[in-house]
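Look for subunit A in each of the two complexes below; its partner is subunit B in the first and subunit C in the second.
Showing the complex of A and B:
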């Protein structure tokens, strides 16, 4: 008797799992020709950004989509890293059924996407006029950030840049004018000194706080005008956009040396807090009064500082008066995928056309803090009325529109390694454990070794 | 807890008032928490039951029978413990996708159905059961399977509880694999839901903490109920009779 019961349990378990399997598999099967074209859109946007993105897609489904018989299904696929892993797994398994018709991908994967046949490249989209936009319609720096081997690979989806955030209340308390935030690192040092509050020999409020890594250095090196071009390079081969980067050049062109000379002096004078990793939360709590971060932090910071203090936003301080003040771009790209079904591919293109309309670009910016990617958005009424009411949102766009598009983050396979090398190296120099010359040579050496090893292995 | 409270440098572990439930509301607004909770439950329970079935049977065979290549198969199984799971992710993905199990519960669970650690734990325990029992049962005409069900399983109670618990908690917390093999928001597990609440550049600790609390509930409850069994079970396997 008992034997039978156990067998029954096992059988019913198998049935249960098998049954639920077929149920859900049916849900993802492609729909027939009569019903609307259903396409999938993979993204890596969590939190507020995810909500904003879902809203835009919902809006598309209700308007243009309803008209043309297209329905887009967004699928959150984890953070950038997991999204990339997942796409690579599907490609490796040649599993077309579980590939997306539209996908986001971080800029670090541009080289991979260039070689991925099913991913439709931005250059082809421009040349074949697939979405009615040409390369000149986009922010040049944002397109360049997603180019490889001089080919526009990804369509900019979520461009962002560094901006300076400051605590206006603290400025007023320290008798500083909150409407004229510091413009250079030297000015920043003076202001930071005045904002520093000491209690019983311990600093209870810092002026400027920032842990510098390669992300910040991309802007601070890029904006130096050392050879009269209006920008400087971080690595060779046009920062890795023309071809594979083979070495860093911030040591040869003297930009790192120049920056560190100015910055170490400023850090000493202004009591910069340069070691704590959680500066954003320290900033929200009011322990640090000035910091730099991505423009995409803006919606979150506005929400989190409300009631605590009045937020200020400004362009990042320049290295010195000779700098151009330019900033580099970050952010992910969107790729339509050609999986062989023309209907689905056209549906993906329809969404892109919709997304790059000024209204959607402004909605996206307001919700996520990312910048509009097309120039026409900045001239639109929607944008003008939005920034008239929310002037903070105009700081990053004004900054990037004035930037040289050649100021770029290094595009290299070992981006994370370089980030850590610079983070540690600069901290060592600021601590005084290494002289500036030693620090620059050490960082360049380590970066070059990492790049060389990566290039040899790939 | 409000964001101001969370980021306050003098913050205390408990919120100042318990009347603010907005973080929980936000969690349920941003993700389909109920569905994710059920998904995780199905994966953890079915996966664990499957593991117990496979590992008790395998351990029984290794402990009580002599067959050709027994030593080899046992070391083969033990060897599989040394292969890090992450290495297998891509090949598992290819297998599961060729079997057409993408996006189903079975696709998530199937790779977890056999776990060498538990086979080892159970085998060690079953070796400690007196072999005379088995011989006596045999003489009385008891079939192998009946002996397994009526004698071995009841005698392995505490160790089964500890296997159940550690497997349940382990499966409850898996993240990357379910993310890889499912393609719709409805099929995701609760851990994926938590990661959905934050983005790379904006951390909203309030909803994340609220969701973590929800995700912790089942494991904490099960753990508190059966804590004493776990310790008993772990040590029971360690002592050889």
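Showing the complex of A and C:
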């Protein structure tokens, strides 16, 4: 079946190129005038990101699309989870008519997409040279984040990483150099202490504020170099990328213990604000002066802090000097779907070719805060001139390009539950309700129960 | 003859279809599925008898959610009914402004839970919220595990008051004047009248409110989903919230089905206990 599909794709490609070749040679009208191909594109990008994405699609429809007779219709299907639910429902009903020709999918659904036959896998796209790019053209960490059973499954669409945001004005007010933000958690504690302002026995300005969960821990565990490989694992089977994850290993390899020893001391010294449901707004309001968040927050934060204070962006602080400083990747993937209509499938591939052009990648980055997924984009003039004017946008790429691609978030069906377990467990340790040893054991136990329950049913 | 016999059933079909489709079918399906392993696509995979139930009852989180749900219900039901009753008594004294405060008391009922939650999220915010800024109460209501459940319960009490008020005030006004008058002539004090006339006379409304609030209390989830997501440190997890997490976060439908069945029977038992009091202490006119 799979061979047949690939053969079909190749044949259809040959046909299409041959066809259009004869047409242009004969000097007749372009294909578009005869048979405009309309395809649908499901996405999960809301707000500013959605607007940017739709701008890129419109641009495609007006240029390449108009030339080749392709028109793409974007459909916002809600956030990642919503989109996944809708696609799964269509798949279960075998309702090909309402399935998209192109779809985004969060990295958590990679295992599902691997088994979904109509979703064309990144590895096949690379091997059959369907979009003129090979695996080496992409950021290795971004590809790894979307691979399962050692196969590249999804094409990286919206990679992002954690970065540190800080309030430069507050740094200056506290006699700190805003151009040398803290590089380790120990330094962060010192700086945070100096940034803390107390009024009438109440803290009115916090230095560092962050509610830690598994997303942050993926980077802080991953960047520890406990066995000399240059990275550490969160869970077994290569964080769930080699095969189904069966347990977490952050307890066995000592990385969680090591992190908590350093972090609890730092939190005490630096008055870290580690419990708050509204950190981003507190940061914008100036109540918290340093925090970590996704690089995709950058366009929004630049807009919201303008007028309040000058924003600073830097790499996230390392656990200690022995860490590599690497960060994990987040973000979604894009899949062309082969629903049986060659024209539509080729149209989807045309859009991918267009989207991975450096100019479009930079437009995407500028409007969404996500990183370009292809290496060539970073070397392009468009990128260089963009970051020369907007140096903040270079922080996440620089950090990511220097990271070991094996630093990854755990790929597991119960990701949200693990997120909550770590969030609660770390808060208990910071509150002093549990010792570090107890906390690590408790978190590992609970994660393992959740993973086991999931694996047992699936 | 046949026609006359079958006619009543024909009228039943529309209602029955809806009830069977949306109540009984899911109910039966939930019970059956709770005895199976279920994969992420919702397919039944393997019969496991009571295994899911054993797993549920051996999970300490279940007991935690159960006791938190119970605590919520124990605060929510009496307080909201007590305040509703108090307001009903106040507005039972006729005055020029009755209309105004009758409307004011019921107003909270007209606000949807999700909107009320957003309003209270701002009121509770420790940096810029009303409680912190105006009253100087410096408590992180939603992020401190000691207060979070109370903060959530308070919102629901506030909403429920309006509903309880309407019911109780209407039934208070229905009490025949002559009974009250003869009690006054006999020299009965307020509390005597309260326990021997008012409460017995409105007991059918009170009973209805108690039973429905117990059910809504035991199946509470909305403010938890919107405001706290079960946190901080699991302190606002309720039984239905845990069921939701199993189904929609973990795609573990088997455990979610099991949770659903357990919650159903718990609620059924508690409501049945209530009904056992009905014959003894509820007075229907």
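As a convention for this text, the second predicted complex is superposed on the first by the 424 of 458 C-alpha atoms of A that agree within 3 Å, B and C clash if a C-alpha of one lies under 4 Å from a C-alpha of the other, contacts with A are read in each partner's own complex, and residues count from 1 in each chain.
In the analysis below, contacts are C-beta pairs under 8 Å (C-beta built on N, C-alpha and C of every residue); 3 or more make two chains touch, one makes a residue touch a chain.
Keep in mind the model is a prediction, meaning the values are calculated, not measured.
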{"item": "First, second, both or neither for A:97, with subunit B first and subunit C second", "value": "first"}
{"item": "First, second, both or neither for A:45, with subunit B first and subunit C second", "value": "first"}
{"item": "Subunit B versus subunit C, judged by how many residues of subunit A each one touches", "value": "B"}
{"item": "Subunit B versus subunit C as contact partner of A:402, first or second or both or neither", "value": "neither"}
{"item": "Partner chain(s) touched by A:78 [first = subunit B, second = subunit C, both, neither]", "value": "first"}
{"item": "Which of subunit B and subunit C A:86 touches, first, second, both or neither", "value": "first"}
{"item": "Subunit B versus subunit C as contact partner of A:265, first or second or both or neither", "value": "neither"}
{"item": "Partner chain(s) touched by A:417 [first = subunit B, second = subunit C, both, neither]", "value": "second"}
{"item": "Touched partner set for A:300, first subunit B, second subunit C, both or neither", "value": "first"}
{"item": "Touched partner set for A:287, first subunit B, second subunit C, both or neither", "value": "both"}
{"item": "Residues on subunit A lying within both footprints (that of subunit B and that of subunit C)", "value": "92, 285, 287"}
{"item": "Complex contact set, residues of subunit A against subunit B", "value": "2-3, 6, 10, 13, 16-18, 20-25, 27-28, 40, 44-51, 73-80, 82, 85-86, 89-90, 92-93, 95, 97-98, 160, 280-281, 284-285, 287, 293-294, 296-297, 299-300, 303-304, 307-308, 369"}
{"item": "Interface residues, subunit C side, partner subunit A - complex", "value": "37-41, 45, 55, 59, 125-128, 138, 140, 142-144, 228-234, 245, 248-255"}
{"item": "Subunit B to subunit A touching residues, read off their complex", "value": "3-4, 7-9, 30, 42, 46, 49-50, 53, 89-90, 93-94, 97-98, 100-107, 109, 145-146, 149-150, 176, 179-180, 183-188, 192, 195-204, 207"}
{"item": "Residue numbers on subunit A that touch subunit C, as the complex places them", "value": "81, 88, 92, 112, 202, 275-278, 282, 285, 287, 413-414, 416-417, 420, 423-424, 427-428, 449-450, 453-454, 456-458"}
